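After this come two complexes, each holding chain A, first together with chain B and then together with chain C.
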Partner chain A sequence: MAAEKAEMDALKKECDALRTQIEAARKAVNDSSMSAASGGATAVGRVQLKLRKTLKGHLAKIYAMHWSADSRQMVSASQDGKLLVWDTFTGNKLVAVPLKSAWVMSVAFAPSGNLVASGGLDNICTVYNIKAASPKTLRELDAHTGYLSCCRFLSDTEILTASGDTTCCLWDLETGKQKVIFTNHIGDCMSLALSSDMNTFISGACDSLAKLWDVREGACKQTFSGHTSDINAISFFPSGNAVITGSDDCTCKMYDLRADQEVIGYQDTNLNAGVTSLALSSSGRLIFAGYDDFNCHIWDSLKGEKVGVLSGHDNRVSCTGVPADGMGVCTGSWDSFLKLWN
Partner chain B sequence: MLKQIAAVKLRRRACRIKSSHGLLILKGQNSPFSRSFRWIPLFKLPSFCPPFLVSPLQIEDIVTHIQDETDGVPIRTVKSFMTKIPSVVTGADIVQWLMKNLSIEDPAEAMHIGSLIAAQGYFFPISDHVLSLKDDGTFYRFQAPYFWPSNCWEPENTDYAIYLCKRTMQNKTRLELADYEAENLARLQRAFARKWEFIYMQAEAQVKIDRKKDKTERKILDSQERAFWDVHRPVPGCVNTTEMDIRKCRRMKNPHRVKKSVYGVVEEGTQSQSPIHTPSQQYRKGTKEDVEKEILFLNTQLDRHCMKMSKVAESLITYTEQYMEYDPFVTAPEPSNPWTSDDPSFWDLESSKEPSQQRVKKWGFSLEEALKDPTGQELFLKFLESEFSSENLRFWLAVQDLKRMPQQEVAQRAQDIWTEFLAEGAPSSINLDSHSYERTSQNLKDPGRYSYEDAQDHIYKLMKSDSYTRFLRSNVYQDLLMARKKPETEQGRRTSLEKFTRSVVSVLLLLLSTLKTAFINV
Partner chain C sequence: MSGSTNIIAMKKVVQQLRFEAGINRVKVSQAAADLQQFCLQNAQQDPLLTGMSSSNNPFRPQKVCSFL
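Coming up: the complex of A and B.
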C-alpha cells in the first residue's frame, strides 16, 4: 500500500513539474497583449442593430437553435416538445417535428439540409429526416448516460454529440453505433463546435476547461484553462486558429491554438450575468454573446470592448447564431421568441 | 393623474434617484445605449440567487418607492358591485409612475420594465394568473416583502401541496382551483401518498391561522400568496422566471444552504427532493493509469511549439482586416442586405455563374476559399486542365465525395478511385510520394471512408503550394479579378486557337502511348 502511494505521489509530482514547465513556456511567448496589438486595427465604432423579425410559434422556453448551411433556414427547439424549421427570410414555419421527450436541450441542422437532430434529458440524440412528407425519425442514438447538451453533424452519415456524462461521442448514422468516444473532461460537457475542415472539434464543460480533440484519433490535443466556472458556450474563430468560450463566471475568453493560451478576455464589472451562448460575425470581429440578464451583448473580439447590446427579450437569451453568410444574428430566448437582428 | 401625464416630456438630461440603499440609477444622454439602462449595483449578488435583469435590491428600491405614500402611485380601495377591492392601483398608474421617475420617454419601454418586475412577482393583477403589466385600468396589487424573490425562495412541493390542500378547504367560489391546479393537486397526492396526513394537518393549521385574520387583510394575503405560487408554479404556457437551467439543476450547488418552508413546516428526516435534483456526480478517482496518461499528455503539450503572442495577435488581426469587407455587420453588402431590404438579389448574385470582383478577390485569400465557391472551383479546375494537372483536384473532390457516401457504396467507390488515380497505368494518375502510396494501398485492404486521408492531405498541400499560386497569377484569374472584358471576336479567336492546340497535343499523346504499347509488346 505504502509503495503504491509513494508511486502515485511521485507520478503526481512529475505532473506538477510538467505543468509548471508548460506555464513557463506559455509565459515565455507572452511578449505582447492582443489589446495592445489591436490598437492599430480599424475601429468598428458603436454597433447598433435593429430588430428585423420576431419569430413566434413556440409555446415554451427555447433552449437551442441552429442555422442551416444555406443561411436561410433555421431550426429551433423548445421545451414545448417541438422542433420548428423556419424560413427566416419569409418568417414562415416550414416543418414542425414533434418530440418524444419535451426536455430538449440541443438541436442541429445537417449541412445537406436533409436532417435535423435533437436531444436533451432523455440522454438520446434523435435524428429526423425532414425532407420526407412528414418528419420521420431516422435514428435514435442511445448510449450516453447523461443528458445531451449539444450535437453537430459532420455529414448525413456522421454526428458528434456532447453529454452531461462528461464525454463527447462520434456516431455513425447508418449503423447507429458509436465510432469514437472522447473522454477527458471531468465535468458535464455543455457545448461543442466543429472546425471547418471537420478534422477537429472543441468542447466546453462544467470543469471550466475547453478542449481541442482530433475527430479520427479520439484524443484530446489541447486543453485551455482560465475560466472559474462552467463553460456554457464555445465557438471557433473563423480562421480556425482560435477558440472563443462563454462561461457562468460572466466572462468570455479567446484562446489561440498556436499560442496554447488565453489571448484576450471579455469582461465588464457591470455584467453580473452568466454567458449562455455565443456566435461570431463572419470576419470574427464581432462576438454576439447571450447572457442571463436577458440581453445579448456585442464585443469587439480584437480590442476586448463592448460595442453594443441587443435588448428586447423578456427572459434569458438561451441561444445565439450567425448564419454562414453572416447577414445577421438570431437570438432565441426562454421567453419563447426568436429574434433576427442586423 | 392628469398632472402626471402632462408632466411627462422628452427629457435629455440625466436623472438620478437616490435611494435608501445609496444606489444610483442613472440614465444619461451620454450613454451609448440610449434605449437601455445602466444599472450600477453596489452589492454583489449572492451566488445562489437566480439571475435577474437588475439586482433584486434595485427592483425592491423601485417597488418600495412606488408604494410611497407621498411620491408613489395612488393605492386605494375600489368599490365594485357588492364588494370593496382593497389596496389596488391601475396598470396605467404604474406605467405613468415608471415613466416619470425612471425618466423613460417611451411608454412601451416602461411597460417592458414593468412586465419584467411583474414577472418576478413584485406586483400582480388581482384577477388574472398572467404576470405582466398592462397600460390600462386593470387592477394590480403589490406583493408582500415576505414573498419577495430576493428571499431566494425555492419552495418545495410539500409547501405547494399544503397550499393547494388549503385552497380546497376554503369555501369560496372565487378561490376554486383552476384545472391545472386540480391536476397538480392530484399528482401531488399520488407522490406524497404516505405523508398526506401530515400535509392535510398542516393545511388545516394554516386555515385556522387565516380565519383569525381580518376579512380585508385575508383578501389581500390570499391574493399575495396566490401570486407567489403563480411565480413558482406558473400557469402552463407562462414562462417561469425562477426556473434555473435544467442542466445546472442536477448539481446541488449549495448543499449548505438552509431550505426553508413557506409555511414554516419543519420536517424530520430527509427533505423531499424534486426529481431533477440529484447529488453531484462522484468524479472518477484518479488511478495510476489516469496519471500516467496525464503525464504523456503534458509531455506532448510541452513539446508543442508555442507561437509568440505578438505573432498570434498579428495573424488574427490580419485575418479580420482581410475579411471585414465581407462581413455584413461591418460592411454593407451590395446591392443590399436581404434581411434589411427583403430583396434576395444579393443571394442570387452570390450563387450566379457571373462572379463579382469582390467574390473573385476572395478566391485569392486561400485555396479553401477558392474551392468553397462552386464557380471558383470550376475556374480552378479549368485552369488545371490547361496545365494538364486536373487529376489532382479531381482526386481531391472524389475523396470528399467518398467521405459522405452511404456505407454500402464505400468499398466499391474506394476501389474505383484507386483504379482511376493510383493504380498502375491509371488514366488520371496522381503524383504521390512512396510513403503515402504504401500507406494508402495498405488502407485499401479494408476500404473505408477515410482510407485516403493521408493521400488527400498530400495532394491538397501540393495544389496549394504549386498550382494554386500559379492560378492566382494566371490570365483567367487576373482577367476576372480586374474585370477585364475582352472583345467578342478576339475571344472567339483565342478559344479556337486553344482548341486547335489541345487537339494537336492530344493526338501527339495518343501517338506516344501507342508507340509505348507497341514498344512493350516487342
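Coming up: the complex of A and C.
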C-alpha cells in the first residue's frame, strides 16, 4: 500500500512538473498578441447581412444542420423526429428522413452528397442513403455508451463521431465497426471538426478543453485550455493553423496550433449567453457565433470586436453553418426555423 | 485493487503530458502575422465580406421574367 502511494505521489509530482514545463514553454513564445499584430489591418466596419430566406417545415426544436459540399443542399435535424434535406436556392424540401429516435443532436452530410448521418440520445450514429428511391438506413453505428453529440463524414466509407461517453471514434462504414477510438477527454465530447486534409481533427468537450487528434494514430497531439465551462462548438480556421471554440462560459477563443496557445478571445460584458455553435466566413475574418440569447453575433476574428448581429429567431440559435463557397450563413433555432443570410 | 488501476491511469496522463510538452512552438507574433496575412489575402474572395450583387446571390428570391 505504502509503495503504491509513493509511486502515485511521484507520478503526481511528475504531472505537475510537466504542466509547469508546458506553461513555461507557451509563455516563452508569447512575445506578442493578436490585437497588436492586427493593429495595421483595416477594420471590417459594421457587417449587415440580410435575411434572405426562412425555411419552414420542422415542427419542433432544430438541433443541428450541415451544408452539403455543393453549397446548395443542406440537411437539418429536429426533435420532431425528422431530418430534412433542403435545396437552399429554391427553399424546397428534397428529402425527409424519419428517425427511429426523435432525440437527435447531430446531423452530417457526406462530401459525396449520397449519405447523411444523425444521432443523439439513442447513442447510435445512423447513416442513411438519401439517393435511394426512399431514404434507406445503411448502417447503425452502435458502440458509444453515451449520447452522440456530433458526427462528420470523411468519405462514404468513414465517419467520425463525438460522444457524451467522453470518447470520439472513427468508424468503417463498410463493416460498421470502430476503427480507432480517441480517449483523453474527461468530460462529454460536444463537438468535432475535421481538418481539410482529413489527417487531424479537433474536439471540444465539457471538461472545457479542446484537443487536436491524429485521425489514423488515435493520438491526442495537443490540448488547449482556457475556457471555464463546456465547449459546445469548434471549428478550424480556414488556413488549418488555428482553432476557434465557443463555450457555455459565453466566450469564443482562437487557439493557434503552431504557437500551442490561445491568441485571442471574443467576449463582451453585455453578452451573458452561452455559445451554442459557430462558423467562419471563407477568409476566416468573420466568426458567426450562435448564442442562447436567440442571436447569432458576428466577430472580427483578428481584432476581437463584435461587428454585427443576425437577429430574427424567437428562441436559442442552436446551429450555424457557412457553405464551402462562403456565399451565406445558415442559422437553425429552437424556434423550428432555419434562416439564410448574406 | 483500485490502487493499481489508478497508477496505470496516472502513467497514461504522464505519458500524454510528456508528449505534449515535447512539441515545437512558434512565436505568437509569427503565428498572429500568418493568420492575419491569410485573412487579408483571401478577403477579396470572401463574399460575406465583400458583398454580392443580387444577380449573383444564390439565396435571393428569383424574380420571374415574363414577356408582355
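Quick note on the criterion: the second predicted complex is superposed on the first by the 342 of 342 C-alpha atoms of A that agree within 3 Å, B and C clash if a C-alpha of one lies under 4 Å from a C-alpha of the other, contacts with A are read in each partner's own complex, and residues count from 1 in each chain.
Here is the rule we use: contacts are C-beta pairs under 8 Å (C-beta built on N, C-alpha and C of every residue); 3 or more make two chains touch, one makes a residue touch a chain.
This is a predicted model, so every value here is computed, not measured.
With the two structures aligned on chain A, chain B clashes with chain C. Applying the stated contact rule after C-alpha superposition, one finds that A:M1 touches chain C and leaves chain B untouched.
By the touch criterion defined above, A:C189 reaches neither chain B nor chain C.
Look at A:L271: by the touch rule set out above, it reaches neither chain B nor chain C. In the superposition on chain A, A:S336 makes contact with chain B only, not with chain C. Contacts of A:V44 after superposition: both chain B and chain C are touched. By the touch criterion defined above, A:A162 lies against neither chain B nor chain C after alignment on the C-alpha atoms of chain A. Set side by side, chain B and chain C differ in how many residues of chain A they touch, and the one touching more is B. The clash between chain B and chain C in the superposition falls on 333-341, which is one of the stretches 171-179, 333-341 or 369-377.
Common to the chain B and chain C interfaces on chain A are residues 4, 7-8, 11-12, 14-15, 18-19, 21-22, 25-26, 28-34, 36-38, 41, 44, 47, 49, 52-53, 71-72, 88-89, 220, 222-223, 237-239, 241-242, 256, 258-261, 263, 281-286, 301-302, 325-328, 340, 342. Against chain C, the residues of chain A that register as touching in their complex are 1, 4, 7-8, 11-12, 14-15, 18-19, 21-22, 25-26, 28-34, 36-38, 41, 44, 47, 49, 52-53, 71-72, 88-89, 184, 219-223, 237-239, 241-242, 254, 256, 258-261, 263, 281-286, 301-302, 322, 325-329, 340, 342. Across the complex, chain A meets chain B through its residues 4, 7-8, 11-12, 14-15, 18-19, 21-22, 25-26, 28-34, 36-38, 40-42, 44, 46-47, 49-50, 52-53, 59-61, 71-72, 88-89, 103, 105, 121, 147, 149, 155-157, 164, 166, 172, 174-175, 186, 188, 190, 196-197, 206, 216, 220, 222-223, 230, 237-239, 241-242, 256, 258-261, 263, 270, 272-274, 276, 281-286, 292-295, 301-302, 308-309, 311, 314-316, 325-328, 334-336, 340, 342. Only residues 32-33, 35-36, 38-41, 44-45, 51-53, 55, 112, 115-116, 119, 237, 239, 241, 243, 245-248, 250-251, 281, 283-284, 288, 291-292, 294-295, 297-299, 301-302, 304, 306-317, 319-321, 323-324, 326-330, 333, 337-340, 342, 344, 347, 350, 368, 403-407, 449-450, 453 of chain B touch chain A when the two sit together in their complex. Within the complex formed with chain A, the chain C residues making contact are 3-4, 6-7, 10-11, 13-14, 16-21, 23, 25-36, 38-43, 45-49, 52, 57-61.
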